[in-house]
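Each chain gets a letter, A, B, C and D, in the order it is written, and its residues are counted from 1.
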């Protein structure tokens, strides 16, 4: 087993990995940029190494600095988390060539799945169903011909892409040229690779993915599905497992396809095979494989009853994965809501600022993975994910009720969040009835079937009264009784502090 | 379903019940004594009713006031929690006769199990194995004769008792008279009933209990065992499930005995059948039945995958329990540590004071049920339970590691706690090897095999440095960088506050 | 005492142990059950209804959460304020971030929908496009510059 | 600067950006990596080893947690203090609570092991028993009275 692991990431996922290391008795090295000097992940690790400027390419995306930090701190492995360099095959290779262990799949597996065009070809070979489409096209005319063949609407997307970047939906031919141009430029900017592929756009599709997990000795299983169809800007905000749409038979088929997909690239460690699922035809198509830990891995941990991050580390250290497929069963139901610093009323664009209040809900069946606290600064440099709110309960109904209650209790002041928005989504009958496809948020907002305000509550009035009274009550002596009941952990020093305010 | 429930309790269990109600969409009424005016359970409930003086008999043990409060606030049910009036048959009857629902078993079931002597007779009839002993004795001579027959050591205990009160271990005849006298007086003081029974004292026994759960329609299942052998002063401090000592066969037998015991008294709602288990002979004996929710219910919730408090409420409202015995399986392993305000170095006697610091551990698989926060006052009026720290993991080894890490992260200042002590217990190889019987703590401390300090760490030195430096650093300007990074949710009002400090 | 948030004015007057709160010509009685300035929490009895609120303050802004719904209110002088989204002829930053590229200069003639500059924040790229045909009158930002939300980026002449 | 906790004296002197800390004749260099007075937390580098500490203060008491172990230290003048547990001839309260019953009065002759009074706290009953044969010299408490931990209850004469 490793003695020390460097975590090449930040925020909640760095903290998640630190916890796993601690429980395994492994020392941790955090890394941080200038913007993260006072972040929680820095304080929680056993050591911390400063990388440089806030800009990701000077810090969390700088492979050389990360490997240097690992060597200097005598770490013997690097966990990349998700995002940043986690799916960068060259980084994985560089880590290994520095005689460090990369906690993830092999560079070859990452490379094979990183290219959307090549991976699609490999999947077809392995007998995994793929979305009708074409790869390797170059001229606009080729694209036009292919689009006509496939039938509009089509999707053009970056061969090297991911996370909705370099992806355009095209509903008719006259939009095609501009879509190709903008997707290409975004692809080039984001991935340094302008190749695109084209495929049928499935309008009413659900996004259902399968967690796979394998060791370096050829054992590989799937850990069931995650339904991730609640998306905005092609990015997930709410995930759940089990998917209410899958019958045991389809689940079995998709699980087998996921295992076949992973085996086709000699996969080991944690990975996710994403499918597009058509609920009317009950048919599914390979979308892509994420060759890393997923943001939404906690719901799988709860329902499959296994600590994925601990096992990532153990597998990377060479341990055998002792469980066969039939060891796993789905226990209860889990839902994750991603609390983002973003403004739904402003096109879900990010919101930045200092957190004036940050109260996480607590209680049985509630898990919060977060990297923020009161006073934290939410900057524009990184992903605006504030927290992952995860609930687990005996069935979907109870889990949904638990999530609604927990979201109501989550208080964030200082940045605009999507908490109220997610409450509105969960309240909607389409969510209760599992009719939420990946395009649902967009169309529900357009058509007005999604109301952001709960009309039953006279909230505006109470908000105004509370805001106005706070100025009176908190400033006047009226709050004294409460204040005098408070104890400061440092009362003798408090006075001194005050002089400096 | 109920519209509103009054919770006749305080602290963490009141909060636990409030959460369950919220998720079920039920309004809650808290009650509080003078000492609890500013307690968390009061703030979290929808309404709160003041009962009276801090003394339990003026507040939480005052049946009349509680029923009056329920009627006045238009609640339609009362949840008693554990302790206080939860096992008081007259209270249950009085609640029902006020046309309110008592969330628990019938008054008859409580009464039948409340008397240790009578319940033992009933269990013998029902074919449930009981500890060799005698009931209904009065004179010292009768006790002496019985003790000789049974063989020393023997246990004399209150027929109406529970929680280790009115209970004495007697190892030889000359101690018997005094033990009877003191047990009688304690029994009379605590339960208003001086009757005692005598039974064989099993020195190396483990305490293993089974959760049972039934509805008002005759369905009754068990939800597996809890191993609760880590005790001090006859009270549990660490519990786990599954018990590493039970084979599937013994578990099955004990489960059936637990169901038989409950059915013998027409039991419904949540209850616990306690057994004494002899690990050498693999034999078990009925000890008593707790006719209420148990402190340690969360470990069962995690491993059986069911919300016991929500189901208590649903059953009380008349719902059918839809699950048969074969629906339930044990998933993973759960451990609970009870964090008490007590001083292990002072005979585990309670410690009171104001909480200067209270940092609960967090992370995947960690649940904390608590009713305290920084600034809370721990008084001498009530049970010194500060928090229940509960972990869940895929197996015992991972759960144990998780608990050790979590205990290390739990910071409580202002009162002495048993946190360090429980770490020492969990570090001991006897715990790892499940060799902890109910007498283990006592004898381990006596014999010195339990070391309260971890000798590997030079902790004393670091503690002294930190304490001395705090005076320098927190008072001087050295802490400014950190302080200036802090944001107060009320910075504009903060200044005003300061003038009043 | 009168306070105005955005465009709504609310009046608060002590009335015995309670407060008389007037809004939109309607007056209700509000009792403060509990106020915890340190945690920014108040329990109120508004017209007989128990209401728990979290309130934070940041200069003129007030963040308020009641029943799980959060609002951001801005304390104003009471006069109607020009909303900066409507800034005539100007293009404002829809989010805080960094200017990645600038494609036009002062005096350039641009067409509706033409990309004038791109911004980046939190892994996202945003294109600032001309809302209508026109001429660039002023450029307030340059490549690499960090901008706040609602900062004016470019001024246009129709 | 010298500080004494219980019977141990520790000396702290600034030394460049660090502190020189002397205890038991041994001096180590301590660097303060981070100090958060509000949360009572310090990250220290003690002799090259990273140590995180939580420290709280309550009058002369300091509560310190390092590596999951909590100590309560008492700041003293430096002179050895009489430990109150050893209070000669006195019986002290082992826990805070309420006096439930008093069975003896001043002048009573009592036997070793005899119960002199009972206390109650947090659902528990504690008997205060005579440590040896003797005579009750003074009674400092009466029934129903609330007492602090280590408060002297009864004084005895051998």
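Everything below uses one rule, namely that contacts are C-beta pairs under 8 Å (C-beta built on N, C-alpha and C of every residue); 3 or more make two chains touch, one makes a residue touch a chain.
As the structure is a computational prediction, the values presented were derived from the model and not from experiment.
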Task: Please strip out chain B, keep the others put, and tell me the connected groups that result.
output: one piece
Statement: Note, CA centroid farthest from chain B's centroid sits on chain C
- prompt: When the centre of a chain is set as the mean of its C-alpha atoms, what distance in Å lies between chain B and chain D?
  reply: 28
Field: For chain C paired with chain D, centre-to-centre distance based on mean C-alpha positions, whole Å
entry: 54
- line: Averaging C-alpha coordinates per chain, one finds the centres of chain B and chain C separated by a number of Å equal to 50
Message: Where in chain B do residues touch two or more of the other chains?
response: 354, 356-357, 413-414, 474, 482-483, 486, 489-490, 493, 497
- line: Contacts with two or more other chains occur in chain D at residues 34, 37-38, 40, 56-58
- prompt: Among line, ring, star, complete and other, which one matches the pattern of chain touches?
  reply: other
Query: Among all the chains shown, which pairs meet the touch rule set out at the top?
result: A-B, A-C, A-D, B-C, B-D
Task: Quick one: which bits of chain A touch chain D in the complex? Just the residue numbers, please.
output: 43, 46-47, 489-493, 497
Query: Given the complex with chain B, which residues does chain C contribute to the contact?
result: 34, 37-40, 43, 50, 52, 56-59
In the complex with chain B, residue positions of chain D that touch it: 1, 3, 5, 8, 10, 12, 19, 21, 23, 28, 30, 32, 34-38, 40, 42, 44, 46, 51, 53-58, 62-73, 94-98, 121-126, 146, 149
- prompt: Once bound in the complex, which stretches of chain A touch chain C?
  reply: 83, 163, 186, 189-190, 233, 346-347, 349-354, 356-357, 359, 380-384, 407-414, 416-417, 419-420, 423, 453-454, 457, 459-474, 478-479, 482-483, 486
Complex contacts: residues of chain B adjacent to chain A: 16, 19, 22-25, 38, 298, 301, 305-307, 310, 331-332, 354-357, 362-365, 367-369, 374-375, 393-394, 398, 401-402, 405, 413-414, 474-475, 477, 480, 482-483, 485-487, 489-490, 493-498, 500-501
